[in-house]
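Quick one: the structure is below, questions incoming.
Labels run A, B, C and D following the written order; every chain starts at residue 1.
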Amino acid sequence: MTESAEPIRVGVLGARGRMGLEVCKAVDGAPDLELVAMIDQGDVLFSAEEGHAQVLVDFTSPDVVMDNLRWAIEHGINVVVGTTGFTEQRLDQVRGWLAAKPGVGVLIAPNFGIAAVLMMQFAAKAARYFESAEIIEQHHPRKFDAPSGTATRTAQVIAAARAEAGLGPMPDATKEEVEGARGANIDGVRVHAVRSAGLLAHQEVLFGTDGEILTIRHDSLDRVSFMPGVLLSVRNVGRLPGLTIGIDSLLD
Amino acid sequence: MTESAEPIRVGVLGARGRMGLEVCKAVDGAPDLELVAMIDQGDVLFSAEEGHAQVLVDFTSPDVVMDNLRWAIEHGINVVVGTTGFTEQRLDQVRGWLAAKPGVGVLIAPNFGIAAVLMMQFAAKAARYFESAEIIEQHHPRKFDAPSGTATRTAQVIAAARAEAGLGPMPDATKEEVEGARGANIDGVRVHAVRSAGLLAHQEVLFGTDGEILTIRHDSLDRVSFMPGVLLSVRNVGRLPGLTIGIDSLLD
Amino acid sequence: MTESAEPIRVGVLGARGRMGLEVCKAVDGAPDLELVAMIDQGDVLFSAEEGHAQVLVDFTSPDVVMDNLRWAIEHGINVVVGTTGFTEQRLDQVRGWLAAKPGVGVLIAPNFGIAAVLMMQFAAKAARYFESAEIIEQHHPRKFDAPSGTATRTAQVIAAARAEAGLGPMPDATKEEVEGARGANIDGVRVHAVRSAGLLAHQEVLFGTDGEILTIRHDSLDRVSFMPGVLLSVRNVGRLPGLTIGIDSLLD
Amino acid sequence: MTESAEPIRVGVLGARGRMGLEVCKAVDGAPDLELVAMIDQGDVLFSAEEGHAQVLVDFTSPDVVMDNLRWAIEHGINVVVGTTGFTEQRLDQVRGWLAAKPGVGVLIAPNFGIAAVLMMQFAAKAARYFESAEIIEQHHPRKFDAPSGTATRTAQVIAAARAEAGLGPMPDATKEEVEGARGANIDGVRVHAVRSAGLLAHQEVLFGTDGEILTIRHDSLDRVSFMPGVLLSVRNVGRLPGLTIGIDSLLD
């Protein structure tokens, strides 16, 4: 959290939505940021210009986000985007607009959770040093898919790191298995999905070698946990001209 | 651990085996017990009689344990048995011998781990009060079966307690499942088996209802952990005439 | 959850409060219960009588709860009370009113969390069988007291069970301690209080003996978790004439 | 684990000690390494030369390790050292010998546990992104010091990372504390030391921000867990001329 002489001026698009509202509160509570515009359906973007916003945060919807981006880029305003629905085609469109405005930065992230990104980075690094790796994800019972998208991606990252390090298959002497006991096999990494009332969103990645275990666990309890990642993006998007996908590169 | 005026005199059969040796050490270290005989292959049981053993502990093998039991019962000595291989037929034979010696107690246990028994008892009690229950067992990768026998029994105990309490199926909205992600289905209870280098023998039982989770976890690291259960049996077998199976009834 | 031919008729006092509202929802959602009255400040209790309520649930405030109780007992209606502020004097007053109406039951509980009560019961039982016991409680950083009241009570329960079982002090070779590292000493049981952003209310009780560890953990995430305990009380208070304190006795 | 055409020839000094024996087994079991000399008290180092050892592993004692190092460096053999007792003076001496033999590499590590090093690296990285950080270490009750050296170092690393990131004190509203409940204060980071029978060596580092928790846990069960770190050092010491302290730099 580097201190700057003057606070960064921030406008929020989708300010009345669940996430937008949290962003407004978070920006308002940060001493190095100033909330200069709260914009939602029906409001005109002019207020962002009038407030001399340096960064816009967009948590709107797929049908308006592209218009917002074009307008912001044209006006030389950096944008942090949490809105979903970005296809490769849409990303190319954004890249095209940015090419004409080389100083402007746009950061689009599917997920602003810093802990989730760190868990993935740590898993990628640890994977090459341990004989075994296994994932247990735990979610509320209203979830449709098992395992979670995050668990699947983590397994893929681990599998890739193991392959790169020249590690072979993990030790596993299982001969008699009640169907499903050993979990789903994602690229050779076993993934277990627990579903229980009382759970929210949790993931445990276990690495083992003879004599020791290293465990990385993430418990996500509330979407307010995305705010540090949003603020980190707001603070850094001005130094990242062009299009940035995800917050990974902000974490070293 | 009630103090008695005089220590209980204990003999150990199979004293040179892994478990027998641990039992000798444990008896020797307990102030309320006296180790009066250490017997193994080739030794005569007479030494147990000579030492006025009040309790024999048998960790021998299926082919000699029945002879030991007959001899001990005939001589009015109580026996705690950790040797395996007891069929219903063998148990009936022991019951027959005990019928002729009404004061003698024999306790045969497949497992002397107090924590494992407590985990099972706690799981049985908690199961009736929670919407969801799920088991994660974790073992070294040299294990042949998945899930473990203990995990399977725990699932059965939970399923029975839920049925008795009139609970229906657990909530689970899973629609898209990578095969195996949701674990093995044991009587309606999901069981996940993790296998990793570095693990020993662990089990976690998770109970959940909206807004809270109760977890019971057992980590078993060394067979020395069976000793408190063996000593508890030695101290109590004299008050339990006839045949007792398992140490459950000693734990209240 | 035994099925009865006719649902139990329930009225809720303090129905517009946070807890009262949750109770209304929970009663409404239970097929064996019928919500016949929702009463709050300004409403007259008459509606409870008119609805032929068999049980009243009181989540009001210390200044009105005594009037509610006197009225309910006089009218022969059972009461489940979650309101706080009951001194010994107040409890005696309630006992007095109940003496005149021998068929009526009142259950007053400081906490309706079933998991918390089970954790305490399990801890009391396990304590006598393990050399070591230690408590780690984890809460959000806005909490004033450390350790929590629940952790302190758990330590006292463990200490009492150990004393009864004749266990001496726990093994601990610590010679060089940075002040506070070994936690608070509550009746000889070490208690550690973790405070961190992102935590809600959690407690872990660890029991250890050579070679094994038994852990009981409770995660409390939302006050909705009290509802199963409230409903359990509503279903059983009719069979418990007189005054009952806490829900412990309902859990076997 | 990069495959090389020819295996690296390895000699082990202190081959009959606990650690030395494990190293011999590990080298013997690695297809890319060849065990060419096992040396212990009374043996002459000549056998290392005769076996054309390219790397020596030294797990001897402080009184002989310096002689071994001088001999190996003079003979142009790389050395991996797990022996303790290295003062700054001794390290300077080693640096002096190495200055005269610029191609030779010596790696001295107080701890070859890869998981412990990764935990420290991950903690250093995560520390800057979370409001709160707290450490719980858990050890067997025969340990003299509390908290452990590793926990103290982890706390210092976290404190330094927080300071660098401009983070202020952690949130903590504690007003009423039973002495010791909040743990030891190491540079502003709270550290809790649990001691219990049944534990071996464990450490949990918890990072929290509103709405989420990231936990890194290390369970160390057996000194065999040091072998991957020793082998990693053996494989890389040849590419690291001069003196290297610790295995950190080998892990990226």
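Basically, contacts are C-beta pairs under 8 Å (C-beta built on N, C-alpha and C of every residue); 3 or more make two chains touch, one makes a residue touch a chain.
Chains and their UniProt names: A, B, C, D = 4-hydroxy-tetrahydrodipicolinate reductase.
What you see is a predicted model, and the numbers here were worked out from it, not measured in a lab.
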**Item:** Most distant chain from chain A by Cα centroid
**Value:** B
**Message:** Are the interface residues of chain C and chain D largely the same numbers on each copy, more than half shared, or largely different?
**Reply:** same
**Complete:** When A-C and A-D are ranked by contacting C-beta pairs, first comes A-D
**Interchain centroid distance [CA atoms averaged], chain A/chain C, Å** = 39
**Asked** What whole-Å value do you get for the distance between chain C and chain D if each is reduced to the mean of its CA atoms?
**Response** 48
**Item:** Computed distance of Cα centres, chain D from chain A, in Å
**Value:** 33
**Residue numbers of chain D (touch at least two other chains)** = 130, 198, 207, 209-213, 219, 221, 225
**Message:** Could you list, by residue number, the parts of chain A that touch chain C in their complex?
**Reply:** 198, 200, 219, 221, 225
**Asked** Okay, in this complex, where on chain D does chain C touch?
**Response** 130-134, 136, 138, 141-147, 152, 170-186, 190-199, 206-213
**Request:** Would you pull the chain C residues touching chain B in the complex into a rising list?
**Result:** 1-3, 113-115, 118-119, 121-122, 125-126, 129-130, 165-167, 207, 209-228, 232, 251-252
